[in-house]
Each structure stands twice: as C-alpha cells, then as structure tokens.
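Two complexes are shown next, each including chain A; its partner changes from chain B in the first to chain C in the second.
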Partner chain A sequence: MTETATATREARPAIFEERKDQIHRIGSEPFSMACNRDSLAGAVSQRACVFCGSRVVLYPIADALHLVHGPIGCAAYTWDIRGALSSGPELHRLSFSTDLQELDVIFGGEKKLAKALDELIARHSPKAAFVYSTCIVGLIGDDLGAVCKAASLRHGIPVIPVQSEGFKGNKREGYQAACKAMRQLVGTGDISDISPLSVNIMGDFNLAGETWIIKRYLERMGIQVVAGITGDGRVDDLRRAHGAGLNMVQCSGSTQDLAKMMRDDFGIPFVRVSWIGIEDVAESLYAVADHFELKHPELASGLVERTAELVRDELSNLMPKLAEYRRDLEGKRAAVYVGGSFKAFSLVKAFRHLGMEVVIVGSQTGTEEDYRELAAICAPGTIVVDDANPLELSAFIKEKDVDIFVGGVKERPIAFKLGVGFCDHNHERKIALEGFEGMLNFAKEIHASVMSPIWRFVPRREFGLNKKDAEV
Partner chain B sequence: MQDDAIIKDAANDYKGESHVATTNACKLCTPLGATLAFKGVEGAIPFLHGSQGCATYMRRYIISHFREPMDIASSSLGEKNAIYGGGPNLKKGLLNAMQKYGAKLVGVATTCLTETIGDDVARILAEFREEFSDLPLAEVVHVSTPSYSGTHMDGFHGAVKALADQLCPGGMQDKAAPSGRVNLMPGMVSPADIRHLREICLGFGVTPTILPDYSETLDGPALLEYENIPSGGTSIAEIRAMSGSAASIELGRAITTQETAGSSLRDRFGVPLHRLGLPMGIRETDGLFNALKQISGNEPSRALSLERGRYIDSLVDGHKYVSGMRAVVYGEEDLVIGLTAFLAEVGVQPVLVATGAKNRGVAGHIEAACGEVLREMPIVREGVDFFDIVEEAGSLSPDILVGHSKGQKAARDWGIPLLRCGFPIHDRFGGQRMLHLGYRGAQSLFDRLVNIVLEKKQTDSDIGYGYL
Partner chain C sequence: MLLRHTPKEVTPRSALVINPAKTCQPIGAMYAALGIHGCLPHSHGSQGCCAYHRSALTKHYKEPVSAATSSFTEGASVFGGQANLLQAIENIFTVYEPEVIAVHTTCLSETIGDDIKQIRDKADKQGLIPKGKHVIYCNTPSYVGSHVTGFSNMVKGMTELSTSTGKKNGKVNVIPGWVEPSDMEEVKRLAALMNVPITLFPDTSGVLNGPLSGEYHMFPEGGVTIKELIEAGDAIGTLALGEWCSADAARNLDTKCKVPCKVLDIPFGLSATDRFIDALRTIAGTSVPEEITRERGQLVDMISDTHQYYYKKKVAIYGDPDQVISMVEFLVSIDMCPVHVVTGTSGAKFEKRIKELTAHLPYEVNVKAWGDMFLLHQWIKNEPVDLLIGNTYGKYIARDEDIPFLRWGFPILDRVGHQYFPTVGYKGGLRLLEKILGLLLDRKDRDDPETVFELTL
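Here is the complex of A and B:
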C-alpha cells in the first residue's frame, strides 16, 4: 500500500506493473510474452468488445440487413463506419437498431425485435438478416434464436442471430460469433457451375477496393473467385462458398474459424496469406498456384508460369517507382501498432523496401507465437507490445524518436500530438494499401506524411532535438 | 407455438406506431455526453463503468471530430463481473486511473451493462474511499447514464449537475465565500464557442467559471511532452467555489424542465439562475448580453458591440442570397432551437426541425425564441431518426440542410448543400474550431451559409459567373 501511495502523486512510470510481461525488448532478455489477457481496468486499452469483432467481420456483407438489438449507441457508433466498398447494393451502410428503452429492458425486447425485423425486411427486401446481440440483451435474456427463427419462417430469408454480447470476451470472441453466423449460410447454395480452380478471399474487407485488386490478380491467373468473405460480400456468394477449391485466409483471427469449419465440414483446405507488402503478396499468389498445380495438375497447366509473369509484370512497374520514395525515406524510423499481428509482419517487411526500420511493433490481439515470430524478424532494441495503451505508446514513440506511426484512428491523435507522422492502416483508410499497387500507395502515403515540411515546426523538432543536440 | 405468439403480440403492442426500428439515429447514447462533460474539468479523466467496447467506440467517435487525444478509462467488465458485480473492477480501474494517469478527478459514468446488473456505484465508491483511506485519493464524481434512457445530452447535463452536486455538497451553511464570479454552464458547444463565451464575459468585466470547459483539453497545441491528461479545464477549486458565485447562467432552452447544475446551486445556495437560450443569432445573443449587463452593471466592451453592428451590416449585404430558402434543421434539442432562431432572422424559413430527443417541448421553445420573426412555424419532430427526417422532408422541398455531418447522405441524395455545424463533424476539417455562438458565431454561420449557396450557384451555372 505504501508503495502505491507514493505512486499516486509522484513518479508515474508509463508501464503498468501488471503489464510488464506484455512488453518485450528484443535482445535485452530471452523472449517471453504474455498475451490474450483481459484488458486491465482503468488502463484505456485500445481494444474493443465482442460486438465490435462481429460487426467488423459481417459489416461488408452489402445485401444483408444488419440489425443491432440493443440501446442506440452500438448502432450509432458503427453507422457507415468503414469504406467496405460494394460493387452493388449498399444496405450495409445504413444503421439499424431496436433502440431499446427502459421498459424494453424491464419487460424484454423480443416483441420489439420481431416487429423491427418485420418492418425492415418488408422495406429493404434483404437477402438475409443478421441480428446482433449486445451487452444488455445478454443480461435481459431475450431469446434471440427463437425470434430470428420465427422471422425467418415468416419472411422466407435466413435471419441469423449473432451472439455478440459485448462483455463476453474481446474482439476474438466476436470474430468467432461472426464466423458461426456465416457458417449458417455456407453450404446452402448451388455450386454446380464452380470451377475446381477457385478460391474464397477471406479476411479482406474491401475497405478501399482491395478485394477487387486481389480478385483481378487471381482472375489474371485463371482462378475463379467464389466469395469475398467478406469484402464486397454477398449473401448468395456465402451460400456458395463451399464450392471453392481453396480458402485464402488473411488476418490472424477474423475469418480463420470459418475456414476451419469449412475444412472440417466440406474438406476445403485453407492457406494463410497476406496482401500487404511485396514478398507477402507474391508468396500468397504463388501459394494458390502451387496448391492447384499439386491438386489438379491436369487443369492447372501454365498456372505457375502465369503467376510468375504477373508478379514480374507488377514488380517491374512497382520497383522503379518505389526507389524514388526510398531515396527520401532511407533511414527513417517507424512504429507499427495494429489490430491483428499478421499486418504487423507484413508491414515490417514492407518498410524494409522503403529503407525504413520498424522500432516499435505491437497489436491488440496477437498470440505469443505471433510475437515470438515478430521478435525474430525485427532488429535488436525493437519494442514488441501486446494490447498497448496511450501512456505506453506515447512513451515508446518518444524513446524511439520515430518518424511515422502506422495504426488506426485511436492512435492517430497520440502520434499527431507529439508531432509524429501517421499512416492510417485501419478502417478509416480511403486508399488501397493491399496488393502491389497498394504497396505503391503505401509508399506514397508514408512519403507524404514523413516528408512534410510541417515537422520542423512541431515542438519535438523545434526545441526537442535542438536541445538534445546541445546537450550532446 | 412461441413463434406465433411473438408475431401476434408484436402486432398488438406496436399498433398505431408507424415503425419501431430505428434507422440512422439522430442521437447518441447517454454516457457519451457524460464523457465529454468530464473532459472539461482540469486533471480529469472520464471513466466508463462497463465493457471495454463502450469506451473504445466513444473515443473513436469523439476523436474523429476533435482530432485530439480522448482517453476514456473503462472498468473493462467481463462475463464474470456481469454475474458477480463490477465493483472490484471499478475499484481497480479507479486506482489505475489515479496512479498511472495522475488524475485529479475521475468522472465515472455508468453504461447499460452496469445499470442492468444493478451495480450501486455510490456504495462502491464509498467502499473504495474506505478501503484506500490511507492513500491520497483523487476526487471521484459519478453519474448514472443508462444508455437505454435519454440521449447524450442527458448524459452531458447529468454529468455537469453531478460535478456541481458532488463537489459543492450541502446547503447554505456550506456555501463558499462570495467570489463575484459568474457560473456559466454553456451546454455541449464547441471549444471555439467556449473560448468566445469567456471573451464575452470578460468584455463585461465578469470572470466566469465555465462548466465544463474543454476548450483546451479538446483543442490543445502541439506538444513536446505527451500529457497523460491534457492541460486546461475548470479546476476542482473553481468548481468548489461555484456555490459562492454571484450568479449562474445556463444556456439551452430545452433543459429548463430538468433539475440541473444551475437549479441545484440556486436551490441549495441561493445563487441566482439565469436560464437563457443558446446565444445564436441576434436576439438570443442579446439575451445573454442583457443578462451579463444586469449581473455586472457594465456595458459590453466596444469590441463586442462592434461585432453586433458588423453582423447586422453583413445581413444587409447578404440577405438576398438566402432570402426565402427552405431549411431542414436537425440535431440536439438546444442546438436546433438556436439554429432556428438564427435562420429565421436571416430570412431562411425552417420547414422541418427535428431532434432525436423526446419530450423537450421544442416547438414551444422555438416560438419563444423566434417570436414574430419566424413567418411560419416549421414542422417540429422529436424522437426521430434520419429515416423519419428524410421521409418527412421529402415533400417539403428543402433548399438546404443544417446540422451535423450525419445528414450528409440526405443532402447528397437530394443534391442540396449541408451547412455543417455542431457535433459530430466527421467529414470535414476543423469541427472543434467551428464557432456558433455570439454575434461572431452568427457571423461565421452566415458567411458560411451565403458561401455554400454561392458555391452551388456557381457550380450549377453554365456560365460560372466571376462576380456573384
């Protein structure tokens, strides 16, 4: 207690005692990291909740009705929240809620939900409806399953409950709930016209049209894309997704559970891919080609060659342009803090192509294995962190004197307040950052921020470095 | 069987209501308002007692408007806490917020989760103070903000009242020494508005205690050292001294039916209360100026008086560009009343005024604020969402939308301009610096209004006139 007493008013180290083992400095000690813990109370975690995880994954399914069963906030804060571009319907961009009131909480919200579904399905004729459970629904005990089943019978479309009560875990549990919900659609459509050389693109959300970029590559290779799960997503595509020959899974957690279910239930293998950077994009494409060459040699003739040609083409276009950006960026330092750790891996590699070093790397939901691998590919001295908070991030930014921070909207003000460049690699981005053209956009983005003349005016540069130089 | 029952009952329960589903809400949840209000106290950190997602979603929503750090701590409740109660997490979280952030005050707001599991926050806080009585604990102020009741405005006003009640407890015998200051509760206005209100008060020789004052915490300068809690805000000592102020001014006509910080200070300490509309446009701003004149006995500074004259001069210059236009106004109850007053004065006819809040008597307040300046009473709707607004406005052929950035889709669909104001502004730059209040705020709104009209005229024109 006395120890706490002094801490209350005086020195406040940025690192919480309870979180020390969620931070690792490469080279300073043997690798060991704890993760996948509940967030520490009072620490302003950058994480979200179960509902958020489900909403992120299902959101891009553009011809489904997404009804949030709960008080207004959960729906209001996720209204048109990300790009998630659609080539057709845009029902997903509307925000639907049962807006539960005090009386609903006391007497139950089932009837209100049933009525809301009737209204909205009649008004919008969706292909399916997802009904998201929120904290309060988990407490008042509404039988979501029964209401959804009844609505499904009345309207002749799938009405699928998503068990996403916010407090029942973190984002990961939300991903699982979303995968379970999607699994109810998979396997219900006609797959007779699907080629054996076909894939589902999983774990990309088409935030800035990236699913389309990947789809174009695959089609150039002669591979049919059955479903974007969930980028530019459609209910009927999900119904037919079991017709694909292979699942390509990006993103550590979001859709992997569905891929596993599809492997177990339909025998569809999956490969983990990343569409960020250069090597990772090429390797992902080769992985598909190799898979089909092995599996269907009779159908896949020339596939590997076509893939190689595509990669060669793209690189010959990309590399000279990258070199221009690299000239300015060589030797600059970056911090990476993202939701899933797959992105962190790819970004570390992508920055190398710009001559930049990643000196801080972390994620909200990585596993110990992820962090071990990250520690293996980053330079000594790099800070690896799980589930960070603003105190830690700001302390690390200052300590490492980074030139740019890559993260999401919640990290942006931390970087900007300290006068550090920023690249949004999360849901608010409007620029495609995946595929080979995404790498070029990424370089452009980093260059635009790092090379801006404004940094010379921020206190960190104006006084900070001058002062440091003077002391030396 | 059960399925059939659900269908029949649903039909009976909601007979007569046009619809029960909410589409594109025109309100936010109650705790969000409380977090903003707590942000206006020096050294304070807002704290949500609930699951982690609430804090993160609200941070993101608020950051996208202010483009500033907005730390909201959370008790991060999990499944076990929902069953056994959130007390232990709340206590642990409070201690962390105090120790690591160096908070001088933690503003605790509840959420639907903790209200429903029945956590007694007052009791938990009493236990907390008892258990850690050997530590120099920070102040803790708490407010009940169940998300299923009211809107973010109720959370905002509730938090302001909680600050006044809990930091100025007791009655006449506990009254602070007379300070000659004036308490100013501005409501949920922009940082630029708060700064201007202070300037107006000082222009009358009045020193205000503005509660809350997030003009610096949510619109601060670039920094060398990251501040765990941004500088600025009304200090705890200033809030404690509010019971000894010469008067209180509370802005926002629609809050007059509720118990507020102002009414609480009046009833317990006899601090005279002036309840005024948001000072938007000439007459509502005149109301504020008259109150300050009465309280201080002083005339406004020449600089302030000049702004009024300049504004009226600009109305003469610009009136023809906007005269007779039809506007749809939406947003928070207080703001839409103020906007309607502003628009009516410049010759724009509001045809529909809508808010997500319920039972606020907005129509009556509009009549009181506008008087005979308003040529025709607009349709006024409370408790509506954007589905309702779009449905109703479709037949009213509006020329312009006035409100926050969430009306963007409707404006785009109809091909008419949106005059952005209030909160949130998620699709334009500088929402935190947007000025609405005072003659200067009216000037800024009027300049922007005329310019979006001219811009549309120029863009739509085949000729693209060089002089407009």
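Here is the complex of A and C:
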C-alpha cells in the first residue's frame, strides 16, 4: 500500500454510519445518544456476553462450587480470570466444566451434568453450587432447573441454576441472571444476631482487597457488615444478607437487581454508592451514617460524628500525598473507557483531584441517562462514546492527544502502541483502587504510567519532546 | 495452598474436566487467521466468544488483537445467523477494509446449522465482497476437539484459496504449526540460510510481536499474503510441522493441487531440528551451510558442558500434542526423565508417540491425552518431579508443590519474551537449555546448605 493510501485510511474516522448517535461531543450539539443497543454485526466490539456477566458477579463467592455446563472454552477463559481475593476458602479459583462433546449436544447433557455434580459435591463439600448455562445448553434444551433441583435434594445443599446463555444479550442480562441466582440464597439463614446498624457491601468484587478497605471504614464507624456481595463472598453470608439494615450498591448494573428484590421482598432500602475517588467515598459513608441516624436515632448516636472524624483522618493523611503527585500531573489529559458507567463518573471526579481533565469518556453498557449525566459533568469538547471499537478509540486518543487511558485488558496494548500511558481499572488491577487509600494507589498508578520515561522514545512524540528538551 | 482441594488419590472421572489443559476451537482459528496479512478474524456466534478469545490472545502476546463478531442475539439463535453474517461481511469491508475476512464458527452457530459456505457464496453473489478481497472460513464447533483442532481447521481453510496453474514455482510451503511469532521468524531465517524459498503460513511474525510505533494499525505489516496463499498451490512441496496443527492443511494441498507433503515434528530440540533441516536440504538439493552446522555444534556443546545437571531429573510436562511430543524427545535426549505427560487434546496417537519416545527408559511414563491439570497435579503428588513445563496455568501446582517451573506453550499470561525469543531450531534449543539449567541451578543454590554452596558451575 502506498503511503498516501495509508495516510488516508488512518485519517478517516472509523465510524459506522449507524453508530454516529452512540457518540457525542459535548457542546457541539444538543445531547442525544442511543444506548443499550445491540452491537452491530461485524463490529469489533469490546463487549462480552451474558455468561461473562454472570460469571464475574458470582465468581468471588469463594466457598461455592462454580460448575460451567458447556463446551470447555467457557470454563477455560474464566478460570481465575481476575482477582477475587478471599480471606478463607479458594474453591472458586478452580475451573470445573462438563466439557460437552458432540454426542452430548445430540443426546443432551443432563446426565453428564448430574454426574459431574455428584462427583464434585462429594469431593469438595461446597456450601452451595452454581451451575452456569452456556449458549449451547440453551439450544439443546437441557433442563438445568430440574437437574439442579434433583442434585440439591440428593446432596442437601442449594444447587442453583444460573440462566446465562451467552446469546441472550450482553453482560447486563448476565448480571440479572446472577442476581436471580443469589436471590435463592438470600433469606435462608439465621439473622437473630445481626445489629440493626448493618449493611451489605454490594457491587464490589474485592479484585485487589477493596472490600476489606470498605469493611474497615464501616467497622470504624460502628456498622456491621453482613455480606460482601460478592467481594470475599460466602454462601452463609448471602443466606443472612436479608438481616442487614441497608444495602450499599456500587456498580450501576451488577447487583442493583438483587438490591431491588431485597427491597421488595424484605423491605431493605438501598443506596447507590461509589467507592472510587474522594467525594464519592466520603458521600457514600455519610449516606450510611445519615440513613441510620434517621432510621435508628436511638442506636446511632455519635455515628455521624464518627464518620466525619474518619473522613477527616483519612483526608488529612491523603491530601498532602496527593499534592505531590498532582504537581507532576497538573494539566495532563485522560481517556476513560470502562465496563459500567458508574465508574466513569467517579473517575472524572478523581482525575480532577490530580489536576487532570477527562477528554474522552465511554463505557460498554451505559444508559442514555448515564451518558446525559456524564455529559453534564465533563468539559465542552469531551467525547462521550458508547460501545466503542479499537479504531474509534485510537482515533479519539490521537485527536485528543491524551496522556493516559483507563480501560481494560483489550484496550491496554492499543494505548501502548500509541505511546500513551495506561491504567487498568478493570479486571486486571493489581492494587486496590477504592476507598481513600485506593485513591492514593490510583494517583500512584497514574503517576507511574503518565510520567514514565518510556514515552520519550515513542516515535509519534519523539520530535516534540526532543524540541522541548532542547529548549530546557 | 491454592490447590488444597486436590486430593492425592486418583479416582476415575467421567463427566468432568477440572482445571483444563485445553480450550475451545475458535481461539485457535483466530490465532491462525491473524497470520494472514490484512486479515480480520470473524467469530460467527455470540459476542462473548470473540471477547474471550481476543482477551486471551492479548494477554499472551501483549498486542492489540482485533476480531469481529456476528453478535448473535436470541433472534439469530432461532432463525439462523445468515442475516448477521451477511451484514457483518458488508460492515467489515466498508469500515475496517481488510484484505480478507476469516470466518470461524462457534458451538452456537454450528448447532443451529448455519452453512458458512452457502452464506459466503450468497455474500459474493450480492456483491458484498469487494473485488480482489476474500472471505475464507472454517468450521470450529467448540464441542469437538480443542484449540489445536481450531488452528488446524483454519490453516486448512487457507489452503482453499490455493490454486494450481499446472506450473510449479519452485517454492516450498512450510506450515509451522501453533508456535510463537518469534518461532515463525526463526523458521524463515533457517530456510533462508538453507537457500530454500518458502511460503510460511500462517505467519504471525510482524503481526503479534510488532514494535511500538506510536500508531495503532488494525492490520500490521506481517502475515502471509493472499497472493502467496493462492500460489501455494504451485509449490514443489509442503513441509507440515506437527501432525495435529498442520497435517490436514498439507494433505488438502496434496489432494487439491497435487503438492506433495511431508509431515514432520515441530523443530523443538536437537533431533527434531535435525529432521527439519534435513528435509529442507533434501528439497533444496544442497548441503547444509556452515552457519547452521555451527549453530548445531553450539547446541551440542552446551548440552555437553552441562549434561550432568540434567541427568535423571524428573519432569512433568503438559501442553499441546505436537509441541509436547518434540519436547519430550528433547528432554529424553538430554537424559532427563519425563515422568508425567498430559495434553488436553484427545488422540490415542499422542499417547502412543510418547510411549515410543520413552520406551527405552527404565520406568513407565504416565501419559494422558484428553487429560487435565487436576490429574497432572495428582500424579505429581504421587510422584514428585524436579521440573514442571507448560503454560501459565501450571503456576498453581508449581507454587503448591514448590517445583521449578518453565513457562512454555500457550497461554503465557504472566511473563514476556516468548514473542521475541524463539524456542524452535538450534538457537531455540540453546534458549530452552539456558532456561532449564537456570531453573535447576537456582533451585540448587537456594536449597544447598552453606557448607556446599558453590560458586562455579
């Protein structure tokens, strides 16, 4: 290919005509975005499937058996796919599959499934078992419910079908299936010793110890944590989760359905929270305190004060350290492309504490409302995008000349090829990024990548930097 | 102990895989397709499959991996995926402008019975495939075979492009099997040194080990071109490296275009490389150049310098059939003892081959095709080993049992280097030895009491 031809191809923004209304430039037009739309056939979408959604939500329940009923791939790709730290059992980190073969597809896989459950439950004595349905199971019509019910009767533990056939949608539907599965456990345990001042931590998955950070804050405030749903999760905690006084729900999609079911069935209110950044963490803690002060004034004396003290303590420790990072990062530009849009909100605010502006923001599964709110808090000129593909992302990164990209595993090498820093705020994070100490870790990660000397050697930037160096 | 749930006692299992030593077909097809220049792999199924495969390949190669998907929904699963695939082909050629789309199926599209050839032909008739561009395909139902089968099927799909003009072009087709981009580069280097003009396919060098350029290219420089694939039908012969990965494609070329083929082991280690070089020599009708003789001599030299450290060391190895067969041969040739050998892929031929390679040893090797890591771990608990060789998923066993661990195979999720440093050929043999010796001696240095702690090798 000639150079001109290459240049033309590079310069042309790679956007499907049909996708134009999934991209919005703030200030250049009245807000309008179409979302929660199925990806176009043929798109190099960054999205995943229903099974993926269910699997990641339930995965951290460490003392449950997670059996994938399907061909080997679905189990292989989700084997220990991300951090799901457990303070005890590690059964969840093994990969169990019925490894369906051609004959199973023809004659059905029910017998194989029943047998697999018998073998596994006998050997590992789990507290409960989750059985995940995959595309093929949905097609061949195995009666997952019946097999699970029978196994449950045989073994005396809950054996719960997760209706997560991949083709039934994207991750969102998977979250719903996971919530339905968890709902079967909730309400079956003894709650007589649970304090009224108690919560469930929902929608955090303890990827790198975040659930523990949040739990420590709440305990310092005098709040009992009943269950991590599902960070550092346990079957018995889920059984008792209906004893909590309040559900704190993070992550817009993943566990909100369960919170709604628990509100309707047990009258447990929920608040939406975010454990990312500074304001959002503080507001989340205050929301708990305020809730209980209103609900149980007789029990909650001093709660708000204790919360204020905690926040003060943490901030006085955090802010001077942040300032050091901010000195270097002031004025740098960030792009954010994440799974759920709740995280995007918090990240926009978190970056401001580092003196940085988010100039591209998007998610795989945001709603129109999410994007409208995002557009409201971002600066004019910011690109808001739903369900992006690599060519779009790379074109936007270059157009906005960003210094760091926050995304997931598939975006990382794209950022690096472009000579742009990267922070995994998704599955593959290695350090805790939530709570006040998470904010400090976040600043450290951003600093480490944005300020790396390697970017001086990137061809695209070399000229400019050399020039700058020469001026010094 | 992460694997504290693994009991020592081995009991028969019939319905269940625990900690798989394989994955499903489509990812192999996707990897193979990336070895064609300007190719966009396309997954005909749900979005999740494509996302998982791209993620897995990205984690292994640390490179962007693009692939499109038919994005099946419930409707497509009931009414068939033809509309999705036709729309996908149109969209892809319009927006991403690849030279070729390589379609592979999934369990979903296979079960609903989509006929990819018929859909492809229909796309052609409707003018959705621009002139000079191509759509190739293969069938990769996830409930048959493994990722190795998928790789083989896509390579065979490539040979469907090949045509015979009746006039031989003097080139040799080399099908390298599922090896790293660095290995493919090394195969090309060796062939060039032998003065044999080859067409290597697939060829992921330059695709999945590219430099940081400051630009993102959906279609990087490397890869076999469509023109070369078409002309593969006029080659004088095909060397297929690996029975499982490459033989089907080579035989298809033989049947279709009368290109005779020879199936060899993938050239890992001394003897398998000898056979590969000899095959090139025979085809070229020349003698082996001094430079290659020298490289071979260096490998033999390093083995002799260090052989006492390998003597009777027990090894557990798992991975894909072609790779493990060559590696077991190499281990035996340096006096190591492979005692446990597992592949997740099925094949009685694999077990037979391993038994032949180890027949002269004074013990019976544990070998299992269609095995898994759970079984391997149980075997190791019953008979401990000095070295574990395989992909990253072995790290749990290595940690729990405190075994030196050589990462080799697919996927490697937690180390780098495999993209850049080959393990095929004599040079690759040197690297393997360096790694194995380093692991064994690091362990010795760690465990030796102070009194016998040694400075010198």
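One rule holds for everything that comes next: the second predicted complex is superposed on the first by the 449 of 472 C-alpha atoms of A that agree within 3 Å, B and C clash if a C-alpha of one lies under 4 Å from a C-alpha of the other, contacts with A are read in each partner's own complex, and residues count from 1 in each chain.
Methods note: a residue touches a chain if its C-beta (ideal position, glycine included) is under 8 Å from a C-beta of that chain, and two chains touch if they have at least 3 such contacts.
Since the model is a prediction, treat every value here as computed from it, not as a measurement.
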Partner chain in contact with A:R154 - chain B first, chain C second, else both or neither: first
Which of chain B and chain C A:H296 touches, first, second, both or neither: neither
Partner chain(s) touched by A:R306 [first = chain B, second = chain C, both, neither]: neither
First, second, both or neither for A:E90, with chain B first and chain C second: second
Partner chain in contact with A:A146 - chain B first, chain C second, else both or neither: first
First, second, both or neither for A:K410, with chain B first and chain C second: both
Which superposed partner A:E110 touches (first chain B, second chain C, both, neither): first
Touching partner for A:R272 - first (chain B), second (chain C), both, neither: neither
Chain A residues contacted in one complex by chain B, in the other by chain C: 9, 14, 16, 38-52, 70-79, 94-102, 104-105, 111-112, 115-116, 119-120, 134-136, 138-140, 166-170, 390-391, 394, 409-410, 412-414, 416-419, 457-460
Parts of chain A lying in touch with chain C, wherever the complex brings them together: 9-10, 14-16, 38-52, 70-79, 90-91, 93-102, 104-105, 111-113, 115-116, 119-120, 123-124, 134-136, 138-140, 166-170, 390-391, 394, 409-410, 412-414, 416-419, 457-461
Footprint of chain A on chain B - complex, ascending: 2-4, 6-7, 9-11, 13-14, 19-25, 27-29, 31-32, 47, 50-61, 63-64, 67-79, 81-82, 89-90, 92-102, 111-113, 116-117, 132, 134-138, 146-149, 151, 220, 222-226, 228, 406, 409
Residues on chain A engaged by chain B in the complex (per definition of touch): 1, 4-5, 7-9, 12, 14, 16, 38-52, 67, 70-80, 94-102, 104-105, 110-112, 114-120, 134-136, 138-140, 146-147, 149-150, 153-154, 166-170, 390-391, 394-395, 397-398, 409-410, 412-414, 416-419, 428, 457-460, 463-464
Residues of chain C that touch chain A when the two form their complex: 2-5, 7, 13-20, 22-27, 40, 42, 45-56, 58-59, 62-74, 76-77, 83-85, 87-92, 94-97, 106-108, 111-112, 141-144, 146, 210, 212-218, 344, 374, 393, 396
